[in-house]
Each structure stands twice: as C-alpha cells, then as structure tokens.
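The following block contains the structure, expressed as structure tokens.
A, B and C are the chain letters, set down in written order, and residue numbers restart from 1 in every chain.
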C-alpha cells in the first residue's frame, strides 16, 4: 500500500518532483521513495527540531536541496490547508499542529501545567534575551529590582541557563536556551525584533544598555 | 511561577494595603503613573509625577525589604533633586547642575530602556500564548523502529545517578533574597597549607597548577598560594620557575622545624588526620 | 498564518469538503478549521491508535462521517505519495511512516544522536527510580515542568514502564525496568545507593519528597 507514484499527484507536487532526481540508490533493496517522501517519513519520527544537515545525511542529498524540499513541503502544507505545519524552529525542522486546530488538539494533549509566566519573569526573560550573556546584577540594574528569585525560576523552567562567568567578578552570566526558542517558535535569538524598534529615536542608536548603577 | 513579584502581590492584597497596587520596581511605578495621567514618557512627565511617586513610596514604607526599597529610593532622590532645582531661582550653570542634568538624563534613559523591555515582555507573552496553541509531534517511535534505537547511554554510574536524583528531588528553594554572594566561604590559609603539605609529601614535587586544579573557588587558589609562601618561609618547600609567569614548580624539601609547625597547624585546624605522616591521599577530590 | 482555505485545494479535496458542513462552532473563539484539517492535527499528536468513535467525539461529528474522512485521508496520502501513511490498526487510526521509507527512517533512528539521554530525561529517570511507583503528575510536580514527552521517551527507550494505576485517580504509575538496572549495572532496585547519602543535610533524614505541589 505504499509505492504509489506521482503521476496522479496534483500540480503543486510536480514542481517538487521535477527537482528530485530519482536515480540515487542507497545500499538497500526494494523500490526507494523519492527524497520528498523519505523526508516526510523521517520528519514523522523526529521528536525535536532536526537540522537540515542531519536530514541531508540521512537522505544522502546535498543540504541545499534538502533545505529547498523542506521549504516546499512547508508551503505545500499551508496551501493544502493541512492540519499540520512544518516549521523551522530553534535551528531545525519539526512538525507541529496548526494553530487553528488547537481547540481539538487540546482535548488530546493535556499540558495545562504549563504555567504562565509572571510579568516579572517575562521582563527578566526579555532582558536576558537581548543582553545575553548577562549577570543577575546587570538585569537587576535594568529592571530596578532584585531579580535573584525570578532568575532562579527561569532557570528551573529551562528558559535560561548559566552560560559563562564574568572574568573579573566571577559573576554567573545567563543566556536563553533552545527550549526558550522552541517555546516562542523562534529559529534563533537573532530573529527577535531589534530593541531599537522599542526605543524613541535619540536612544535608538544606542542599543547598549544605559549604565546601570547597581 | 513563584517569584518576588507574586509574593509581594499576595502579601499586599491579603494584608492591610489592599488599595496599593504592587509595582515591580521604581520604573514600573513611574511608567504606570505616567500612563495614568495619559502622558507620553518625557522629562516633563517625569517631573509631573514626582509627588505621586514619593507619596507611593510613603505608602509602601514598612512593607518593603531593603532591596526593594533601595531601588525606589534612588529614583525618588533623583526626582526630588530635580524638583528642588526647578523651584530654586536659576543661577549660573555649575558642576552641580551638570551632575543633576546627567542624573536626570540617566534616569530618563533608564526609564525608556525599561519601557522597551516591558514591551518586549508583552511580545513574549503573546508569543508564548500563540505557541501554546501549537503542538509539536512528540510521539514515541513505531514499534518497528523502536528496537533499532541505539542502546541507551546513561553516561553515569549508580553513585552519580543517586547524586542526580538527590538534586532532582531536593525541594526547590523558596524564593528568598539570596545573600550568598555577600558571604564567600571562609578559607583558612593554614588549613590549605596542611592540605598541600600532605600532598607534596606524597608527590615530592608538583606544579602550582596541579596543586590547585581541585581548588574550585578562586579564593581557595589564593589561599593555597599564600599557604605555599608560608611553607616556603618555614623551609618546607622550594620553588622553581623557568620563565616569568611560567609554570611554577613546587618541591617538597621538608625539615623538622617545618614539620613541627605543620603539626601545630593541623591540630589547630582539626585536620591532623590528614596531616598524619602515615596519611594517604587526602580525600579532597 | 493558519487559516488557509480550500479554494485552491486540488480536486481530491473537493470531494471531502463537499461532505463537510462548515456551520459547527464549538465553544471556542477564532476561525475553526474544517473537520479534515482538525482530524490531521489530532492524528499528528496521538501516540496510539485512536478509535473512530473517539475522534468523532472530539470533532463533534457523526462517527460515519469521521470514518469516511479517515478513509479519504488515507487514500489521499497514498495517492500523493506522502511519506506517512494513515493506517487502521488494532481498532484505531494512527499515522505511520510509509513502508517504502523504512530504510531512511531506520538510518535516521540508528545514526541519530539519540543514544544519550538528555539531562531532562536523566533527571526524570532518577525521580522515577527513587519514587516508584509514581504518576506523571507527581513527577511533574517534583520536576516543576510538564514531563509527558520525557516520560514517553523513557518508556520507548525501555527504561521505565507502566507498573500500576493509582486507586483513586486511575493515574498510571511508572517504575523502572530490568533494562534500566542492566544499563546502570545493578541487580535490583534495592541496590540503588541510598538517597540519604546524597541529600543536602536538612533533608537527609526524610526520604519522602517534600515538594509535590503541582
């Protein structure tokens, strides 16, 4: 029930198939699927974002080709209004349910314990995200309050982690984790909007934080 | 979900100051006061809310811990300075004025910076909420493939595993203001001298680097360095360093006087077991 | 980014859409996806075959309709030569990787960096080992995070297994397996080093955990 071919596939797919060379034959027997099909199969068993390079190795295809196939698949799922969605998050690709389906999916997946973050935690997280690696005292300086407890909470939640220590002071420096990126659906920290967008003009130029006298 | 802000909020809502909103620090309060008056965030606005800011601090008095209060007071002081300066007749610009202007600009800049992060925080909240509605596929492997999974590598033995469990099971600390950083552990130079003497006696010679790999904190490294100087003075060790800032070699020469002195130190610091001539490797891992 | 509609969908889908009445609106806000989309989303997150009746309840559609949609989806995946395959197995439906893709999936599974457990998995395993039999919600309470996925992974890896259910709540209780003991080089659970040796002092005497507040 598995070796259907693309002749009857709708137009969208033809584009993709044209780019796929069916000649590659790894060591294994039986008719092999095309790269797109194989890619979908592998994505189905993935349980964390997988980098294009890894997928390329598994498929024995050039990374760029795999990258293109992934982007095409993602676009195809959108067009066809599928219930799943292929996304590039935290440096890799992974299948997600579509946002509009949440009401249905949530009857199956219960993660109600995923407690919301407090305002204090969100603000602290924002400072860490934009100023990493950053010490607690520097965060405290920016927020104008002691942040020790909040930082500990964020570490426990896996959203930030100790990344380094400051040379002179020995202070622990914090940065965001890949779990943070996943939770926000971001590919990389660089994808965050520039902070200067949120600062009035004369201050926009200076993205470095104003000296914090704590 | 437990952090300073929440605790504060609970205290106030359940306590006497029901009417008092809780603000996460002075900037939070300033922004909310400015917003309440429907002002833009400007220097003028800052001046206009000074009184309210001070009043708010008064209300909070007696409920704040020192840490909390300091932040508010620093800002209040700057605001008051500015207010006083405006009330007094303008005189020649002098250094003090400049300092005041600087303080004002700094306060203003910090406020704007804080506002930017607050807006980002809102962005994050929206992002998290949106992402919560998407669920990644996280399904165990089909039975057909599960058997192909490489053998699990635990990477730890029973002992490490137990330690890991102890850590995972230890009650998570209740959020309190940490003061650990104020109390660096006390390290005794003599204690370290005893540790080093025991080790050098066994090894004959070692490098300073080797003698401090297990030191952990910088303070211990410093203590061991001072300890070596003491041992040197007692004539128990000799140094050798080929190049300036190069590797420092320490050699155990030992002498009866030094031994007597070390005995005394060891008893003093309660480390005599380790110092005992027959003692094996110190269990300082 | 989620409400693509069916206007551009290829022919195959029209058949399905004709059968779908878009009027149903459960209690939740936002534009709801059609039944086919919702079905796909639910299928993506279920980890064991789900009966048509259950799916029908979740989607609030008649069972026969859901049965037809499922069959149509399965046929569609075949026709389009997708890498996944919707199969009716032991009384329910579940997504599987397509058989022809097995060589790639196998390679991914074998070569994957999945030999080592993540820190989160290791800690969860430790909690199970010392608190068994233990429910997921209790583990989650101790760890302070949702542990569903990690627990499932540990089950898949054969390190823990369902050993019992809690009387009152019906919650599944987990315990470690003999494979776990083998991997750790132990003969019996009793051979695990006593925890009290490693607990920070104040808790040394109390082997019962203190923080199970979820």
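The criterion applied here is as follows: a contact is a pair of C-beta atoms (placed from the backbone, for glycine too) under 8 Å apart; a residue touches a chain by one contact, two chains touch by 3 or more.
Since the structure is predicted, the reported quantities are computational estimates derived from the model, not experimental observations.
When every chain is reduced to the mean of its CA atoms, the largest separation from chain C belongs to B.
Two chain pairs, B-C and A-B, are weighed by contacting C-beta pairs, with A-B ahead.
Centre to centre, using the average C-alpha position, chain A and chain C are separated by 20 Å. Each chain gets a centre from the mean of its Cα atoms; for chain B and chain C, those two points are 39 Å apart. Centroids of chain A and chain B (each the mean of its C-alpha atoms) stand 30 Å apart. In chain A, the residues touching two or more other chains are 44-47, 84-85, 95-99, 105, 109, 114, 156. Residue positions 135, 137-139, 141-142, 145, 172 of chain B are each in touch with at least two other chains. Residues 135, 137-142, 144-146, 148-159, 161-172 of chain B touch chain C in their complex.
Considering their complex, residues 1-6, 8-13, 26, 28, 30-34, 36-47, 54, 57-59, 78-85, 95-101, 103-105, 107-111, 113-114, 156-158 of chain A touch chain C. Looking at the complex, you find that chain B touches chain A at residues 1-6, 24-28, 41, 67-68, 71, 74-75, 106, 109-110, 112-125, 127-128, 130-139, 141-142, 145, 172-173, 175-178, 218. By the touch criterion stated above, chain A contacts chain B in their complex at residues 44-47, 84-85, 94-99, 102, 105-106, 109, 114-123, 125-127, 129-130, 142-150, 152-153, 156, 170, 182-186, 192-193, 195, 198-200, 203, 209-213.
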